[in-house]
Amino acid sequence: MEKAVVISHLIKNFEVVEKKPGLVGSIKSFVSPTKKTIRALREISLSVDEGELVGFIGPNGAGKTTTLKILSGILYPQSGFVQVLGFTPWDRKPAYLKQISLVMGQKNQLWWDLPAIESFNLNKAIYEIKDSKYNQSLGELVKLLEVEKFLEVPVRRLSLGQRMRMELIAALLHKPKMVFLDEPTIGLDLVAQQKVRDFIVDYNRRHQATILLTSHNMEDLVGIAKRIIIIDQGKILFDGELADIVSQHATDKIIKVTFSKNVNIASLENIGKIKSLRLPQVELVVPRATAAVAASEILQNFPVSDLTIEEESIESIIRDVFKTGVIKKTKLKKTV
Amino acid sequence: MKKFMYYLRVWGIMSKNSFLMVASQKMVFLIFLIGKLIRFGLFAVFLIFLLKGSQSLAGYTVNQIIFFFLTFNLIDIIAQFLFREVYRFRPQIISGSFDLTLARPTNALFRSLMGGADIIDLVTIPPIIFAMVYVGAALNPSIIHVSLFIILLVNGFLIATAFHIAVLALGIITLEIDHTIMIYRDLVNMGRFPVDIYREPLRGILTYLIPVGLMVTVPAKALMGLASARGVILSFGVVAAAVFLSLKFWKLALRKYTSASS
Amino acid sequence: MKKYWSVFKISFVQEFVYKANFIMWRVRNVFQIFIVFFLWDSIFADPGRELFGYNRAQILTYVFGIIVVKAFVLSARAVDVAGEIADGRLTNYLLKPIGYFKYWLTRDLSSKALNFAFATVEVGILYFILRPPLFLQVSPIYVFAFLVAVALAILIFFHLLFITGLVPFWYPEAAWGAQFLFVWVFTEFLSGATFPLDILPIAIQKGLYLTPFPYLVFFPIQVYLGKLGAIEIVKGLGIMAAWIVFLRFTTNWLWHKGLRVYRAEGR
């Protein structure tokens, strides 16, 4: 299978001028500005297969967006090798740009005061889309995203969710082979988020487009991307299947018990670490391997009215990854 | 040729879009149109009364001075009509929308320079041309002088284009500035009068360094039969240099571009 | 009072944050003055010439006067009012225990303080470069009357800006247009900031004096140049005061009407 994206030892630094507070500070930084180098990406390497849907996750400023911007040709890197669809992105060859698309959560390419259809028509000319292909593409996207009613409404009157869906249409009209989505669900309400997510998965399946998606919210990627890349402070902390990270880092399980009578808390501590205590409810953290044994022990020795065994939440696993910075090397097993 | 047609089509659609936008706000359109006409009218009125009192300016007759003024306005307004998008460039950079411009197959300079033609200015072009023909005819130019005038006018317009490209490039490099285009306007405004009224070294600067003189004064002088061969040659040289340098500058700026947010 | 002092300071600092912008704005002022200066310099090339009632020193002093008076009167932050009302940012202020009108007046004064400081330096430099013969007003009464006129002009201009800034209550999309037309275009020419108004025929001048514009720049400079008699000065200052009262009432009336139709719309 062809590689859609190849990144090797990619480095990107930014220079920023520091601003000091206050009047004196402003004058100072005016006279002699202090520059600071921010190392946005520190030797990143990865590759993506054609048709893959990969999720980038990391806190704000981790380097996700920078990566997408380099891949879409907006930023020049300091050093490193990057190839997307066989092109070097920052050459910004029209032949390349016609095959990709970039959507950024809160930035819009639509003409604010005009109906979205006008912006679509402009994109038709910009990407030189043939009439028949345009009509077919537009029809399909409009139907999938359920926006027939809003095509003639000025963009400024649309809700954020409606506008985002229009942005997606504008970005996908030319059937790009490679789609970069930067925080596409940011600011949307839950229903709108779900609509956008479902659409992304569906689009990936229908057109075999390679999609790179960023988010700072893990839940965003569950059920969308099989493969995730966790990035923080310009480094890749994890690159692999979502299931792997859960099995590697979720070494514990959580037992939630509700007691019917008062119990001796001290004796509970022999069984597992108490995570929260809101009597009559107690949450215990126990090693994954002994979870079943621990549960039966509790059921035998305590007056239990309810008991469940749960996985740690994905958010807390990720937080754990960030905190420890532990990168467990995972060889990617690629199955076609 | 195919590329030219492509850009012409894209430009047509973008211009149509910006016309639609203006048309959807008739009041704004009217206010700005009236404002521009009043500004033009008031300046003309002052100029006429001023010349009435002083009889001549730097050795030029009243008609000649008015012709300089009209030439200035023609170049200025055509540039504003075509390059209005430059005035909206800073918000694009600050909000990061410029990223999306870069990620598209249309040339980013073309999009940033010509993406929003201004119909308000288009409306004011024909009356100015009419006035120029009227005033210019009174100066009795020969055919040669008229053709030279038109060629030099195109040169002047190319200098204006180079200025606008440089302003865009500067906008990328120094995010903070939103006045550069206005500085350009102020500088060019010096061309409302023949540069002969300025003292040295300002006159030299306006002729060679910031070639406002070549943009406005030299073409108008050519029509009056007052242009020297040196001025004409200089005009071509400076145009070539200005366009070349501004494009270099734009490329440099683009390389330096780092997005506002990451 | 204390909170407005804070507003004054923070506004002052903010100009420094966008220092490049501020400097550009000052540079623009200088460029604009260049045009006017050389125009008159050229017309009055003959030192003995008298035209429109000015001699060479007086007309060049007029040009320098434009820099100073503009820095005081026409540099104003209150241009942002229209935008804030149009895009709904006004809401932030309505929730705070601060008078919107006073807030902007304070910011205006802060901006003027900074602009004046720069204008003084510019005048110094320009004087050094251009070496014009300047007219120095020695009578303290005239200087005092000039200062009063400038203070009143500041208030007139502030109200004009504020009133046009209220237009977006009714027409949010006209936020820019109204101000462009009614304040900037008219002020640029009719205030005397580009040409002294006495080059116009008397009839037009008389008509102009029925509007507030000549009082912004032209009138104060005339006072400074000593071209007006005592009665004319007192009369002029009286009319200015009357304008301020009238504009004050209009502002209040429009503000309260505007708040009723305010939709707190935002992007």
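Think of it as A, B and C in the order they're written, each chain with its own count starting at 1.
FYI, contacts are C-beta pairs under 8 Å (C-beta built on N, C-alpha and C of every residue); 3 or more make two chains touch, one makes a residue touch a chain.
Just so you know, these numbers come straight off a predicted model, no measurement behind them.
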{"item": "By mean Cα position, the chain sitting nearest the middle", "value": "B"}
{"item": "Most distant chain from chain B, judged by the mean position of its C-alpha atoms", "value": "A"}
{"item": "Chain A and chain B, separation of their C-alpha mean positions in angstrom", "value": "46"}
{"item": "Chain centre separation in whole Å, for chain C relative to chain A (CA means)", "value": "52"}
{"item": "CA centroid of chain B to CA centroid of chain C, Å", "value": "28"}
{"item": "Chain B, residues touching no fewer than two other chains", "value": "25"}
{"item": "Junction residues of chain C, two or more chains touched", "value": "19"}
{"item": "Contact footprint of chain B on chain C as seen in their complex", "value": "18-21, 24-25, 27-28, 31-32, 34-35, 38-39, 41-43, 51-52, 171, 173-174, 176-178, 180-181, 185-186, 188-190, 194-195, 199-201"}
{"item": "Complex contacts: residues of chain B adjacent to chain A", "value": "6, 9-10, 13-14, 17, 20-21, 24-25, 95-97, 99-106, 108, 255, 257-259, 261-262"}
{"item": "Footprint of chain C on chain B - complex, ascending", "value": "25, 27-28, 31-32, 34-35, 38-39, 42-43, 45-46, 49-50, 53-54, 57-58, 174, 176-180, 182-183, 186-187, 189-190, 192-193, 197-199, 202"}
{"item": "Partner chain B, residues of chain A touching it in the complex", "value": "14-15, 40, 61, 63, 65-66, 69, 72-76, 92, 94-95, 97-98, 100-102, 104, 107-109, 111, 113-114, 118-119, 121-122, 125-128, 154"}
